[in-house]
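Two complexes follow with subunit A in common, the first pairing it with subunit B and the second with subunit C.
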Partner chain A sequence: MTTVEQARTTAPFGRLAAAEVRWVLRRPRTLVLFALLALVPVAIGVGIALTGGPGGGDRDGPGLVAAVAGNGLVLPIAALSLALALLLPLTVATAAADALAGEAAHSTLRGLLLAPVGRTRLVAMKGVGVLTVAVVAVLAVAVVGVVTGWIVVGGPSGTMITLSGTTLGLGEALGRVALVAGWTIVQLLAVAAVALAVSAFTEHPLVVLAAVLGGLIVFGVLAAIPSLEWLQPLLLTSGWGAGTDALRDPLPLDGLASSTLRALVYLVLGAAVTVWRMRRRDG
Partner chain B sequence: MGRRSWVGAGLGAALVGAVGVGLLVAPAGAAAAPPLPPVSPEDLVSSVMTARPGAFAGEVDVDNALGLPAVPGVPQLANGTSTIRVWSGGEGRGRVAIPSGDSERTLVSDGTTRWSYDSRDRTATRAPAGGGRGGPPGDAGAQDPTAAATQAVATLRQSSTVTVDGTAEVAGRAAYQLVLTPLPTERTLLREVRVAVDAETRQPLELTVLAQGSGEPALQVGFSQITYGPQDPALFTFTPPPGTTVRGAPGPDGQHRDGQRPGGDGQRPTRVGDGWDTVLIGRAPQPQQGQQRPDGAPDLSTLGTPVSGPWGAGRVITTAVATVIVTDDGRIAAGAVPQQVLTEALAR
Partner chain C sequence: MTAATSAPQPVTAAPGDAVAARVRGLRKTFGATVAIDDVDLDVPAGAVLGMLGPNGSGKTTLIRMLLGLTRPTAGTVELLGHTGWDLAAALPDVGALVEGPGFHPFLTGRDNLLRCAAAEPRLVGDARGPVDAALERVGLADAARRRYRGYSLGMKQRLGLAAALLVPRRLVVLDEPTNGLDPAGTRDVRRVVAELRDAGATVLLSSHLLAEVEAVCSHVAVLQTGTLLVAGELAALLDADAGGLVVSTPDVDDAIAALRAAGAPAHRAEGGVAVPPGPLEAPQIVAALVGAGVAVWEVHRRRAHLEELFARLTEEDA
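Here is the complex of A and B:
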């Protein structure tokens, strides 16, 4: 008897998540953001191909972008680290804002809360939607970056020149790109978890966007104050330079590992706050 | 799921957060001094001098509080901490990676040729390796603890009290603390130089320089992590990647020092005094007409504060451990001494 009741009161999670993912990916604003993100590597690649690199090979190149000239496979990594500064967090924050606060603003969250779906499953479902946005966004930048780097920038016959002056073969170079992409997704999930937590407390999606982008800017300011150096290990953004480490040879994993650990702490705390709040929310 | 299990989950999340923050914030923590058999300073010093640096890989932390003025183009000299990665294959083969932000300087020595690669302008500089200097390439001189500490021990032996002050743990290795203190007669800014020597391999692991009137080290260069053992030979070869500007070796005796010390055009600096209060007097390279300053050489004319005396006039640059006077007629006097000792040496 109980099994029949359970079958009626709980929907399979896969179906819920698939419905949410379809719903998220059909939103025009999500698609526009994806397109914008895909434009980032194209813009860098075309710019470098036309001008021959910043400063015409002089030493004043702004970091990674200078390393892309004549070295196409660096382009996806450079584009990811540029986009991680603001564009990618903006994308996941938009998705997280729509997930809970947006639903509340349209009064559709009440329907979801009343539906025969557990609150935890509801949060997990919304989380899957945001996760999908983060993964697709990062993949868009990485794949378009690889293709653009290959076709527009070109390079020394399918190899990547590291910052250490060594040359990596195609397989290892793509492995490094995949490593940076995976690491970027984890960092974005940390942002997304915090954004979902904010989203669970408000019914104005703009509050979520303002909180996340404002928070990123505040973190940047805090990191720039020398007397607050002790705060650095706590700030999510202070590890975001570690993506560059993938371009060093031999690969140093310290920075990538510590920033991933930091992101996981943010992720767990954000998810816990979100679930805690959604258990109590009533509309 | 009852309310109680939710309280549990909340507590769990808070615990995860606390542990995570603890992991992120907590420093390595000072380990207790490991027990080691006593050793006389003489034995320790000589074993350091004779030890052949073997193959290892490690990370070197540089904690710089020297108080050097900000020199544009050489950010590594400014106060702060940085991490350097070092590999040594023994027999003069080595690799040093100096990462900075979005770029990296790489120094590779395969025993016969030294390469220096800068990812910012993608230039590789080739130079023949210096005669018989062991360990990683001498280009890293000031930053590689092996070469730096061995050199410090050798030169400071005559004018200092040398003691072995207990033991310490550096980079997970048990180490003796060799302490060099200047004799009271020495007029120097330095209070103490500590060298941590690996008890097993007798390789210097950490160099700490303490200045007068400050409890914090002025300079600490030491391994934060070291693994002994054979290294991948591919690390010690360098092939300039495509698209690299390759420059040849500088002039025959142009003591290639990466522009940090513009060589005095073949003229060696004169030494005044000995021991801790040695003063070196050299001649600043004259900017030749129609020729730019060598790339990377700091422009000294804007640094320091003006001074004058019976010896002439110039500018004095004071740091935590050293003083430099650049006179208007192009002489440079430098030493780990107060300004007065420098002016006395200049007046000779």
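Here is the complex of A and C:
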């Protein structure tokens, strides 16, 4: 009896987190989304190879994708920017939807609460799972992007020509890719935190997806209305163009820093609402 | 109606020892609907308590409050000696199958259980042994490596039972455990409940299958429209409800006349004449019948069944 009383009342967090990561990475829809994401840089690469590879086609079209043409390491950055518009947020929103609303829909949330996994620990465990999805998704785009860029474009011995016209060495170019990848992960975590908060309120995963995608669209519309310009600093998506700043030389940090700060605010608010709600939610 | 609570239980011993679970003044409302209305109930340690009630009588709501899944509107819950904010501290020793099994369709039964096992505080070391043992215990060993998606209703129910039995428990709560089970599955549940009882665990079982409850339970609690009608030891409740004789005779009218003349209230019943408990004892009744020249095939004491008790309790209120 006394040994029972002294035994732990909740499972070790490492074991919970490991089980959560295993669960997340085995879910078929997550794997399908990872595969789709890996196709984004491949599609860009194929497009460039077909329309005008290095030394051919018209190079005078401006823009990001055109810049990739002679310039392999721009491809992962272009692919991340492109995926951040819809596919990456969709991926983390799916993970967040499954994390709480999906578990509730399958009646498995009750099992976790009865085990018991403490309610705050449950949110932390789910956070680890969603973080894993965000990291793997961004890595899928970045790594496949680097490899595709290297195969399709080759690039003049692994250097990167910036939008500003200067040339970066391989090491610094890869550093720029890593910087954009990290920045993208932080932006996605902001989306994920808000999605988890919605997920904590519903047992319909689709509500979470609709909320996140609807939110992205509404933010896009608000950002396009000139008279609402004062709203810009509040909108998460208004900083999402900053990823391509990494293609300039010298590196302008203003946009990256302010958008990261904004994402962190969303992250903290989303996490707080999620914890608040999960501590009260019926199992 | 709430007066008849917890009748024949010696539950005045030290709290937390004599009872595995205790609720006092428990009430739950959803808007204007009263789901549970001022319920007092003790689940004695070591008992197998069957909770009975028509659909919508509040059985599941009561269980959910007992396990801390839903907050009571009013009243207190005590679970294995833990109350209030501390209630979750009792849960590692509680196995539960509430509102049907919940698992992920894309995982096999075994992988689903391994995921449950990772969250079990009482489980240390390799989870595969306990998981396989639990699967064996509920008769799912052969289907363990099939995806949950393909499980039949009964197999899903068995897996839910296995999750409740992953580690040794002091209290097991089973909400409609025989739902969807074939007769063999029902027998398996009965066997598992008996094993748990023999191991000293307390079992709280909700069901609408009266025969099932009568077969496995030592105690019953009857709920109707959120009110506890009666609770106590099954044998004592049935004894209190039993009594009277049934007389098998071809001369029903004569027998009734003879008995009424002798002062016993008799009436026509299936199989002959029923004699409710009255002033006359059995030998005097037989003597009265024989004295009146009534042919008697058989006289036996009417045994009360849970079904009759239940019907009487739930219908007299309606």
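Everything that follows uses one rule, which is that the second predicted complex is superposed on the first by the 266 of 283 C-alpha atoms of A that agree within 3 Å, B and C clash if a C-alpha of one lies under 4 Å from a C-alpha of the other, contacts with A are read in each partner's own complex, and residues count from 1 in each chain.
FYI, a contact is a pair of C-beta atoms (placed from the backbone, for glycine too) under 8 Å apart; a residue touches a chain by one contact, two chains touch by 3 or more.
All figures in this text were calculated on a predicted structure; none of them were measured in a lab.
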| said: Should subunit B and subunit C be called a clash or a fit once both complexes are overlaid on subunit A? | reply: fit
| task | Quick one: classify A:Pro250 as touching subunit B (first), subunit C (second), both or neither. | result | first
| query | After lining up the shared chain so the two structures overlap, which partner does A:Ser107 touch, if you call subunit B first and subunit C second: first, second, both or neither? | reply | second
| said: After superposing on the shared chain, does subunit C or subunit B touch more subunit A residues? | reply: B
| task | Considering only the touch criterion stated at the top, classify A:Leu264 as touching first (subunit B), second (subunit C), both, or neither. | result | first
| said: One more residue to check, A:Ser199. First (subunit B), second (subunit C), both or neither? | reply: neither
| field | Arrangement angle, subunit B at one end, subunit C at the other, subunit A at the vertex (C-alpha, nearest 10°) | value | 150
| message | Under the stated touch criterion, which partner chain does A:Thr274 make contact with: subunit B (first), subunit C (second), both, or neither? | response | neither
| request: Would you sort A:Ala115 into first (subunit B), second (subunit C), both or neither based on which partner it touches? | output: second
| query | Which partner does A:Thr132 contact after superposing on A: first (subunit B), second (subunit C), both, neither? | reply | neither
| field | Distance in angstrom between the closest Cα atoms of subunit C and subunit B, superposition on A | value | 8
| field | Parts of subunit C lying in touch with subunit A, wherever the complex brings them together | value | 64, 67-71, 88-89, 91-94, 96, 98-107, 114-116, 118-123, 163, 170
| remark: Residue set of subunit A touching subunit B in the complex reads 57-59, 61-64, 66-67, 70-71, 120, 156, 161, 163-167, 233-234, 241, 244-245, 248, 250, 252, 254, 258, 261-262, 264-265, 268-269, 271-273, 275-276, 279
| query | What part of subunit A is in contact with subunit C in the complex they form? | reply | 4, 7-11, 15-16, 18-19, 22-23, 26-28, 106-118, 282-283
| remark: Note: in the complex, subunit B contacts subunit A through residues 1, 6, 9-10, 13-14, 16-17, 20-21, 23-25, 59, 85, 97, 99, 101-104, 106, 108, 115, 117-122, 124, 235, 238-244
